[in-house]
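The letters A, B and C name the chains in turn, as written, and every chain counts its residues from 1.
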Amino acid sequence: MKVVPSRSSEWVRPVTSQKPASAIIEIDRVSQVFQTSARKDHLALSDISLTIDEGAFVSILGPSGCGKSTLLYIVGGFVSPTSGAAKIKGQAITGPGPDRGPVFQEFALFPWKTVLGNVMYGPRQQGVRTPEAEAQSRALIEMVGLKGYENFYPKELSGGMKQRVALARTLAYHPEVLLMDEPFGALDAHTRTRLQNDLLNIWERDRKTVLFVTHSVDEAVFLSDKVVMMSKSPGRIRQVIDIDLPRPRRRNELLLDPRYQKYVVDIERMFDEVDETGSPS
Amino acid sequence: MTPRILPSNVFLGVAPIVLVIAVWQGLVSFGFAPAVLLPPPGFVFSRLLQQLVTWTFQQEIVATLIRLFAGFAIAVVLGVSIGIAAAASPAINAVVRPIVRVLAPLPKVALYPALLLLLGFGHGSKITLVAADALFPILLSTYYGASTVEQKLIWSAMAAGTPRYQILFKVVLPAAMPSILTGCRIGLVISCIVVFLAEMITSTDGLGHALVTAARTFQAVDMFVPLITISLLGLILNALLGAVRSYLLRGFPEA
Amino acid sequence: MTLLATSARRAAPVFACIGLLAIWQVASLALKNDSFPTAIEAIRAIPDILGDKESLINILASLRRMAIGFGVAVLVSIPLGLLMGRSRAVAAFFNPLLMVIYPVPKAALMPIIMLWLGVGDIAKTLVIFLGVSLPVIYHSFEGARAVEEKMLWSGAAMGLSPLQRLVRIVLPAALPEVLTGCRTGLVLALITMITSEMIARQSGAGNILFNALDMGQYDTVFAMIIIVGAMGICLDAIFERVRARLVRWSEPQFDMPLSFS
């Protein structure tokens, strides 16, 4: 099986950051092979190398099936790479942990717990005493705009509200890195844009590192400092693009901004182009 | 097996009972069945009320209930633990699965004589039989529920810092609750039936025994009374379990 | 999966049987109880039972009753269940009746039925019939209900009458579910048969069991248990084969627990 090394080099550095750039996540020559039921091996990711700086909002953009979620799961420690390794702050990633908090497309809220119960789960797990955990959680619930819904069960909430709870739940245990797997993919367009705005507002507060998987070009450009473009299966990094747009970003301003428009147009065109192995992306 | 044939609200629950009683009365009144063989409902129910206040009949009920609860409880504890263990560990699964496949189609009641020999004619043999019969549905439902827990729930809990050994109790068990409770419902019905049958086969007390005693003396009314009692008990227990289920699963969307 | 793994999987139940028998052997040797013969002693008693004319007649009578009860139940219940699944009127008519019969233990009706019908074969066969009917009706009902409306529309467009549609579309489409019901019914037939024979002892395998118990022939008791167990396993295995053949085309169904009625 011929593994084509990815072409572009992967030193990702947010230009807008004031502090000296420091790598927090290192992905080194990671490949992932899955065994399908047809007894054939499926190469999902091919030799990915990537470095992510602290405080950067990085999108991983690619078509369906390009392995971008798999890459996220490897960083999250949910999946072990077939070859290569991922590290956070120099430590090898061997399993999930509260330093890397996931937010999934399917929300994955605990149905047997209320909103408050879900959000309190992480802090309680960390050993925070109940009154404190409750106070922290209530504050977070208010921050994501769900004040008053603390005692509701997930089944009583809309998709957008569930995702807010999921975000609050992850933020509650103060991860260093947020791993977001197409979090707005299951929501309607209107809810999606609202949540994108809200996510940026929340993110601005403490500027955590974010790894954001999406297949939407304008979402990637709107949210991120860096867009990592992946080719279709087997997934390789085709290009890394710096998004040099000022923050804080407002949708109504950005939509009219020619720089934003150019990024979107250029990236979409790159996706249409034939890549070096001769197959269209 | 839960009859989802009709939506289960109270009126529709009561209606078939009323219907059957009406048919029953009709059969007697119109002479299709002699009263000796099929006593009218009125007779049976008044006899039932008569019996309910007697100490001897109450003791029969207590004996039956003790065996029923004990057997059911054992089946729940064993079934849920083995089911979850088998779902969590492929090694345990490899051992448990073939044993279940062999034992499940076996009529456990065939073991009853053996149990009588080993445990005597009292509570022990019946409790064991009830447990053996109720075990399998509970075990299988638990296994099914535990093995189909959404992967991302487990991942979310792990990322929040839950150590591996706690995942079973904090995520798998709650997430599998709907399945587990369905299995328990089946197990409860089975428990009611098996305890009654075991008492009919050999016993010195209990509702089943009461039926057989009445049969030996050709007392038709006294035969119907224990049968109706166990059916009513079954209905009441089922309703109680349903209430427990509603409470425990209050967060879950209706399956 | 490798060849070794698949054969290991298939052989596993056999290992389980041997394992269980081994545990029995060890336990009985350890307990040294007169009424608990070892597995080997029990197995040795099996040819004696099968060789004894009286016993053999009894066992065959049991099987015959079971076959008739099961057969008639299936013949009646499948059409009834299918009809109930497709016609609201029919469903509404039979539902109340079934919901009441469901929780009552059918074998417990034995004495009552004996009171009405005497102690012959009919009483026992009737009880088996009742026991098998319910799961088969229920599963046929569910299977028929789940048949896609569009398939029936296509059938109607092709000119099939309602009866033809029932037989040629609904029945095959619902077959996987129907056969699951039959499998449950088969297990229940065996259970109901044994139980009713234990309650009303005149003939049959259950009768042999308890006679041996009364007469202190403990080897025979345990040997009969093995025979009955083997019957259950064989019937289930045969049925599985037939079922798999008939519904090769369907998705695998979960091995749902047997419900007792």
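Methods note: contacts are C-beta pairs under 8 Å (C-beta built on N, C-alpha and C of every residue); 3 or more make two chains touch, one makes a residue touch a chain.
These figures come from a predicted structure and were not determined experimentally.
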Problem - Chain contact topology (line, ring, star, complete or other) - result: line
Practice task
Report back the single chain whose CA centre is most distant from the CA centre of chain A.
Solution key: C
Completion exercise
Distance between the CA centroids of chain B and chain C (whole Å) is 19
Practice task
Starting from the mean Cα coordinates of chain A and chain B, work out the distance between those two points in Å.
Solution key: 49
Handout entry: Geometric centre distance via CA averages, chain C-chain A, whole Å
Key = 54
Practice task
Enumerate the residues of chain B that touch no fewer than two other chains.
Solution key: none
Problem - Residues of chain B defined as touching chain A within the complex - result: 150, 152-153, 155-162, 171, 174-175, 177, 249-253
Problem - Parts of chain B lying in touch with chain C, wherever the complex brings them together - result: 1, 3, 5-6, 15-17, 19-20, 37-38, 94, 97-99, 101-114, 116-118, 133, 136-141, 144, 183, 186, 189-190, 192-194, 196-197, 200-201, 208, 211-212, 215, 218, 220, 223-224, 227, 230-231, 234-235, 238
Practice task
Mind listing the chain C positions that touch chain B in their complex?
Solution key: 12-13, 15-17, 19-20, 33, 35-36, 84, 91, 95-100, 102-105, 107-112, 114-116, 135, 138, 141, 184, 187, 190-191, 194-195, 198-199, 209-210, 212-213, 218, 221-222, 224-225, 228-229, 232-233, 235-236, 254-261
Fill in the blank from the handout: Per the touch rule, the chain A residues reaching chain B in their complex are 76, 78, 95-98, 100-102, 104, 106, 108, 110-114, 121-122, 125-126, 153-155, 169-170, 173, 175
